[in-house]
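Below you'll find a set of structures to go through.
Shared between the two complexes below is chain A, which pairs with chain B and chain C, respectively.
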Partner chain A sequence: MNTAVGKSVRRKEAWDKVTGRAKYTDDFPIAGVLSARLLTSAHAHARIRGIDISGALALEGVKAVLTGADCPELFGPLTRDRPALARDVARYAGEPVALAVAQDDYTAERAVRLIRVEYEPLPISLTPSQSLARGAPLIHAQVNGYRKNAPDIHPEPGTNIAGRYRIRKGDSGNALRRCNTVVRQRFFLPPSDHMAMEVRTARAEISSGGDVIITTSSQSPYSVRNELSEAFLIPAGKIQVRVPFVGGGFGGKASVMPEILAFLASRRVGGKPVRLTMPREQDMAAAPGRIGLEADITLGASKDGLIHAAELTYWLDCGAYTDISPYMTKAIAVDCTGPYHVENLSCDALCVYTNHTYATSYRSFAHESYTYCIERTLDMLADRCALDPLELRIRNAIRPGSLTPTQVECTAALTGNLTECLNRVRQLSQWNGGIATPIKKDTVRAMGVSCFWKTENPPTDAISGALVTCNPDGSVNLHTGVVEMGDAGQTHLAQMFAEKLKIDTDKVHVVMPVDTRTAPEHWKTVASLTEYMAGHAVVRAADDMLCQLRAIGSQALGCPAEEIEVAHGRLYSIKNPERFIALKDIVRGYKSATGESIGEPVLGRGGYMLKGLVMLDPETGEGRTGPQWTLGAQVVEVEADRKTCTYRILSASTVIDIGALLNPESMRSMLAGGMAMGISMASREAFSYDAGGIPRLPNLRTYKIMHIGQEPDYRVDFVETPDCASPYGVRSYAEHGIIGMPAALGNALSSAFGRQLNTLPLTPETIWRTRAEDVHDTL
Partner chain B sequence: MIPFNFVYYRPDSLGAAAEVYEKLRREGVSAVYYAGGSEIITMCRAGAIEPRAVIDIKRIPECMILSPGDRRMTIGSACTLSQIGESRMFPLLALSCGRIADHTNQCRITLGGNLCGSIQYRETSLPLLLSDADISLYGPEGARDVPFHSVFDGYMRLKPGELVVAVHVPVWALTAQCAHMKKTANEKIDYPLVSVAAVWRDGCLRIAFSGVCAFPFRSQAIESVLNDRTMTRGERAQRAACLLPAPVTSDAEGSGEYRLFVFRNTIDEILEGWENGTL
Partner chain C sequence: MVRYEGMVVISLHVNGENREVAVRPADLLLTVLREQLGLTAAKPGCLNGDCGACTVIVDGWPVKSCLMLAVEAEGHTILTVEGLGGTAAVHRAFVDANAFQCGYCTPGFLMVCHALMTRHPAMPGESVVEEWLASNLCRCTSYQEIRSAVERMYAP
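Let's turn to the complex of A and B:
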């Protein structure tokens, strides 16, 4: 029987969080800290003619004002195309233009308001289509002139294309011609925001000895260290990055941005501590958000609904700078069809610059966006074939022996069981066949289904680690580089460790804050890879510790190490369990009854590096980018008023093949959280821009997220097909609740209103407009 | 964060408030009257206004009255939306108050602040426009008691230094049949695409709107059309949409064309409820 894994263990930090005592980056007061505030661009694209900072500098209490001229370095995890402060040209409204450093927030903000910038507006481009059109303004004069940190990024000179990935499998052209049912649809999805409750904030100081100390709300403390080290030529060991609790990341805090500004500010004032906390408006408009996406989807099938060919083009709106977007482009290409068996496939995924706020990773790494396009088109195909949309998906479900778009052969262990997920979600949602049912005048109920899958796109050499120390009571302390941002990852790691030692999870203390000087490096807390990567490291640390315990135990008990068992806080010989030593008496070395010291203090260590991943073939896309897939099926049920185009979401269901259920309750709630985020995004969230590319009212009065009281009934169920290469068989799951929600909602509403909805967000106005345009089309 | 200093005054009488205002005006200091502060804080934070003084009117007894009377009910301008709602004395105003912002803010936003605010909706004006309410004002030139509609044409038309003391609602309006509907983009707590308040007096519909145009309004022309039972509901709604007093609002919440669609549907819903007696 399991001692820890499979139990609904309460998250370790639960009490501190519910009582409000958990501390976040900006909650730690320090003496003598200075404040920094940003001035951001008022134009979507403009040449900066001049910046007058004299008024700001004259203000009492102002220590410094920085502009682009002060920092020539360029930044970016893949392509180094982004200045810390705009140099000569501002490429989006909200781009940092100047940074004031003062004795307090109040003075810094007043200083910012005294800075005068002279702009010369330039032509703008706000969508990939516009950016790719003939004569479009070039947002970067030389897209290929930037230094790149990865070999598989290929900007196309003379265009706004920052990267392109190709997938070629079979012969899609010929296969499409042979299909008797071909569905083609274009999609347009606008960018939106992560909207973490905690805004971005960072603090920097530089010691007299030159040590750089950064405290930040980041998912990537080691990337902060590495990017600062590379850009400013500081030895990495001289940089210490500390991350306390993070109040929500959703991918948005994987990008290194406020840390660079805080560092520049501190360096400018002689290393004094400086904090930069971005107000909500800037967190939305200046810091990176979610991508926009345009897509052109063609699916070819036989009359029975079997898909034989797909031709797909995706254009990501990455905004003004690339950040991680080229790899989101790759991620879309890698999983471009959704979890379906498609023998003939051609896909081009392009990363395109626009004058929007630049994008970064967002929960599920662009899967929520492309999935909308594929799954909406699948419903159109089901309609054309007169098939139940859920049945269509079962017929095409990926299965052992299928090849993924990048030609990785599927096995149950690697990809999981989609058919079972679909069958289970049919029951869980009480699926009605996908047909809208009238319930009263003007009102119908309808359901929509969507599948999802996701593999990861980490660097092929991403690493993780775990270090375990012991306490006199026999409990242990688990150190990892995993950031705690609400996903209970560290609690799951504690369960994994406890299971190996057969002790209660309460006996495994986790060190929640991350300090790059003391915690073993963990690539980034992203891609839902905590349980996989850090899990491997934790299991190895446990094995390492067990090995040491057995060696000491064998000496102390006078029996072979192989006969030693560790369980329930004791160490004993399996041949003679009555003779045992309590763990508390042996973890710091053992003292025999005669006072003889035996062994050494026990220290567990485990390192892990991803294996077997490759760069994709540039022509065919062949290759494997992630260690595993996770897939599942989701359903949304709506009640819709056909007269007013309004609707209510009644229920949302998810069945996911999670591999193994480590912690039923925390995993269920994490998935429900993803579903809520997906429903909110799909039903109401988008950045609205005026004709000049200025975001309209980027604040929470106008940008609405779903509130308590409007949430549907969340239903979550699990299929468990273990991934034998993963600790305890678990699959990545933390992002996945979001992926199919926009599509399932889109399918439900398209069914309810009898209109093909091909954009987001699905507001009543979107539905009304689609209906009005359809009427116009038929006229 | 409000990045500038200001002086805070808390007079305890109307006379003292006007006196402070006059003194500041003579000294060239910009001042605003302050009660809930939700809008002042927002606007200062955003850099839209920079008052150098705020005059808190919450200590002035006349501004805090919330009491029924024989002839008319009096509601002080510093009463919060939640106080008005919880008093249950004026059902239509309670409905309006209950749909402005969220509960936390309803405990701060005051009647006077909502009427005088710069955010265009000013939804508490709708019940007052419909109920023949009067309003008491006080300023450097003294007190005046006037019909509400004579100083509110979508905006409060106050003299310099004048503040809203209280509104007075005739008792008939407190028990009249009424309805309130607010339509938003998708989120319940949001600015209105269309907000409608309706009162029936002597079998006639009185109706006022917010959200549709850049200011709230009551229109005799629209009321005449809506009371004309020779037309179908749809025809009346259609005609009403052509009688707006100003161009329809088009913004991030919703386009003008869509607002008109919502406007017609909302009128239709009200008329249907009236016909069927289901309001």
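Let's turn to the complex of A and C:
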């Protein structure tokens, strides 16, 4: 019986979101809440010679002004290299330097303007190449002097290298020499921003009993608890983190940042509630953004287009602090070739400090960036071999028996079916063979294809959990630590639970806001792992509940527990379905007709911990880092004006092997949303820095994201090769729409303009510059 | 032109009621709606008029409430999502079209769409819809869903 899984169940919070009742962090009353505002660094790299806060403190209504001297602790999920407020040195323009706490927003804002900072500018480095060059300024003098939270991170002393991961498989050097077609390309992808519509915001207070209470817009409430606990030596149980609805995260709110500042502010004013909301400009420049990436890609193939060797170097621009970037570097290494069978492989992925705003996870954990480099190079290979780019990908597609870069053996269940995705996207996009077609003078239509794959890189011991309580009407309340930020994860979990109990999804109430004291810990709402990790926990909680129901039912009905079935809100013996007990009469223990009490209240518990994951071998990179892979193929079609270098995106198609289609409508729209984000990022988004490394006008007026009227026709289709190790066979999917979009767009435009476009974003200006360099064109 | 100084008490006509509020002349309509009247559907996405998450309807037209002072709104009719009461066609259209994910930009889009239908009782052409909706940004959906919601709003 299929009650819930596979249906387009409407997201649980839908009506709250369309009537304005859904509450986000800043939607709670602020009477009595102090306001904190940041002063940020005006320089990309500068010694702080002195800070004068006297003017700010003298302002009426100002409660406190904090500087780096007030907070010696360092932060970071992997390497603790980041101060809450810059101490001695500011390493990026926008870095928090001082924090004013006042009775209201505008007083705090005025106070910030009265703080005087004396800077001594230092030499800057704005790209990995600059940071690795001889004589580059050292952004951290003692890269190895920081405390590390993970054993597989190795900063290299005397350099700007914050971490390095190596993959060695076969003998790439020898194999490359034997290849008769070798292509080599350099890529440069600049940093950009998540741009969740809700800016980062957090509220902190400390109770008289010393309990720290944080309300925040975060994807990682348990990390907020853990990082505060570790840094400030507060027992974790004394910290309570609450997360209401989150107005978009995209990875950017997985990093712990405003919470630390709000806590410091509250501690300074005797634990009074303080709110720190980052204005959009600071949300962009001060809070972490997307990585930049430079890459050098060499692929060697035989004339038939079969790839035999790859030598890949990726330099990740992590900005001034590492945050989670070393693991994004690792994630690039783990999936470095894209979903292709490459026997001889050498890959070095380096995490490099620069004076950019530091980076953190961004939808797909760096996969959108390295995929651009690989997939663009594949198109050049196809061109060299005179092959249809889509055909080239089918020839090289990873198959059962292939080894991934980290030498995990692929099976249909583990990795899925790429060939089927490619064949289906050929139909879905009405693939043109990869040949640009003239439409009229100067106008061509062109298509580009890209594949993608992604495994996850969680800690090897990441956990999740589910608790289920029951109501007198037979409905249940599902508590998990999963944050609702738009991905409908909790709705999908409710579907899984409903399926197990064979009840209507409406009978499963989800507890949307997360409270670390009442919801079982869920590692983080990241990596698209909600359905996998929390899904396992929910299924176990359902099994636990069924077990208890059968035990009570067996006593109440006088039949063996094995004969008991639960369905349609009833519990009955399969031998005599006419004799049943309604769930509502048994979930709180059963009372027989004679008044005898049987059993006890039913409580479902499910705990889950990832198993079988390892750290990579430091020399060869061998090892499995994630529980599953998801792969797929994408196509973008453009109409381009060769004279003006402008273009319009006509259609974008995705076929993904999703394992099992849990909720067709929500999954389709998540994928389309990811595609939109990828197209927006690739076609127009990047920070613009001046020569001093200061971002020019970081706001939505100049940093344009896509608006309605610019979007192509989105097409999404699914292949379903179940992952037997996943609840109901479903694969991670929530990030994945984005991954191949920049590459497919880049390939379409490279085809349309007949130029190799190896830089993002793909604005008319970037395209014109590529042409100008080639043909000495002028305006 | 009225000159305001210090705190002033003004009367705002919001969602069919007159509400008296004490404001500073510099207070934004958005801030007063959210922090004094508890009408938190309108959201502060950029406070610069770029994202549209704060859109409310003033005298029948969509207005970015971060670009309007509260004192400027005196004497005008203000409508927020809360004032639609959950019964307008636009709510169901957005739910049925799955036209939101995180929901943060949604109240703003709802108000633009509701005003669109008030000004254009019959479904206008594509270019008009785009002109109206390009004022607002959504980072989660593909916009296809929001277009579909507009169609459903006109043909429920």
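Heads up, the rule we're going with is that the second predicted complex is superposed on the first by the 772 of 779 C-alpha atoms of A that agree within 3 Å, B and C clash if a C-alpha of one lies under 4 Å from a C-alpha of the other, contacts with A are read in each partner's own complex, and residues count from 1 in each chain.
Just so it is clear, a contact is a pair of C-beta atoms (placed from the backbone, for glycine too) under 8 Å apart; a residue touches a chain by one contact, two chains touch by 3 or more.
Remember, it's a predicted structure, so these values are computed and weren't measured experimentally.
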(request) State whether chain B or chain C is in contact with more residues of chain A in the superposed arrangement. (result) C
(message) Per the contact definition in the header, classify A:Arg186: touching chain B only (first), chain C only (second), both, or neither.
(response) neither
(message) Between chain B and chain C, whom does A:Gly486 touch in the aligned arrangement: first, second, both, or neither?
(response) second
(message) A:Arg769 in the overlay: touching chain B, chain C, both, or neither? Say first, second, both or neither.
(response) first
(message) Looking at A:Arg579 after the superposition, I want to know if it touches chain B, chain C, both of them or none. Which is it: first, second, both, neither?
(response) neither
(message) A:Tyr106 in the overlay: touching chain B, chain C, both, or neither? Say first, second, both or neither.
(response) both
(request) Return first, second, both or neither, reflecting whether A:Leu697 touches chain B, chain C, both chains, or no partner chain. (result) first
(message) Tell me the contact category for A:Thr644 with respect to chain B and chain C: first, second, both or neither.
(response) first
(message) If we overlay the two complexes on their shared chain A, which of chain B and chain C does A:Ser683 touch? Say first, second, both or neither.
(response) first
(request) Check whether A:Lys23 is in contact with chain B, with chain C, with both or with neither, and answer first, second, both or neither. (result) second
(request) Find the residues of chain A that appear in the contact set with chain B and again in the contact set with chain C. (result) 106, 279, 701, 705-707, 709
(request) Would you tell me which residues of chain C are touching chain A in their complex? (result) 24, 26, 34-35, 38-51, 53, 80-82, 84, 86, 90-91, 94-95, 98, 100-107, 110, 129-131, 133-134, 136-147
(request) Would you pull the chain A residues touching chain B in the complex into a rising list? (result) 105-107, 109-110, 113, 279, 281, 643-645, 683-684, 688, 696-697, 701-702, 704-707, 709-710, 761, 763-765, 768-769, 772
(request) Provide the residue numbers of chain A that touch chain C in the complex, in ascending order. (result) 10-11, 13-24, 26-27, 29-30, 106, 195-199, 245-250, 277, 279-280, 485-488, 665-666, 669-670, 672-673, 675-677, 699-701, 705-709, 711, 713-714
(message) Residue numbers of chain B touching chain A in their complex, please.
(response) 1-4, 42, 46-47, 185-191, 251-255, 257-258, 261-262, 265
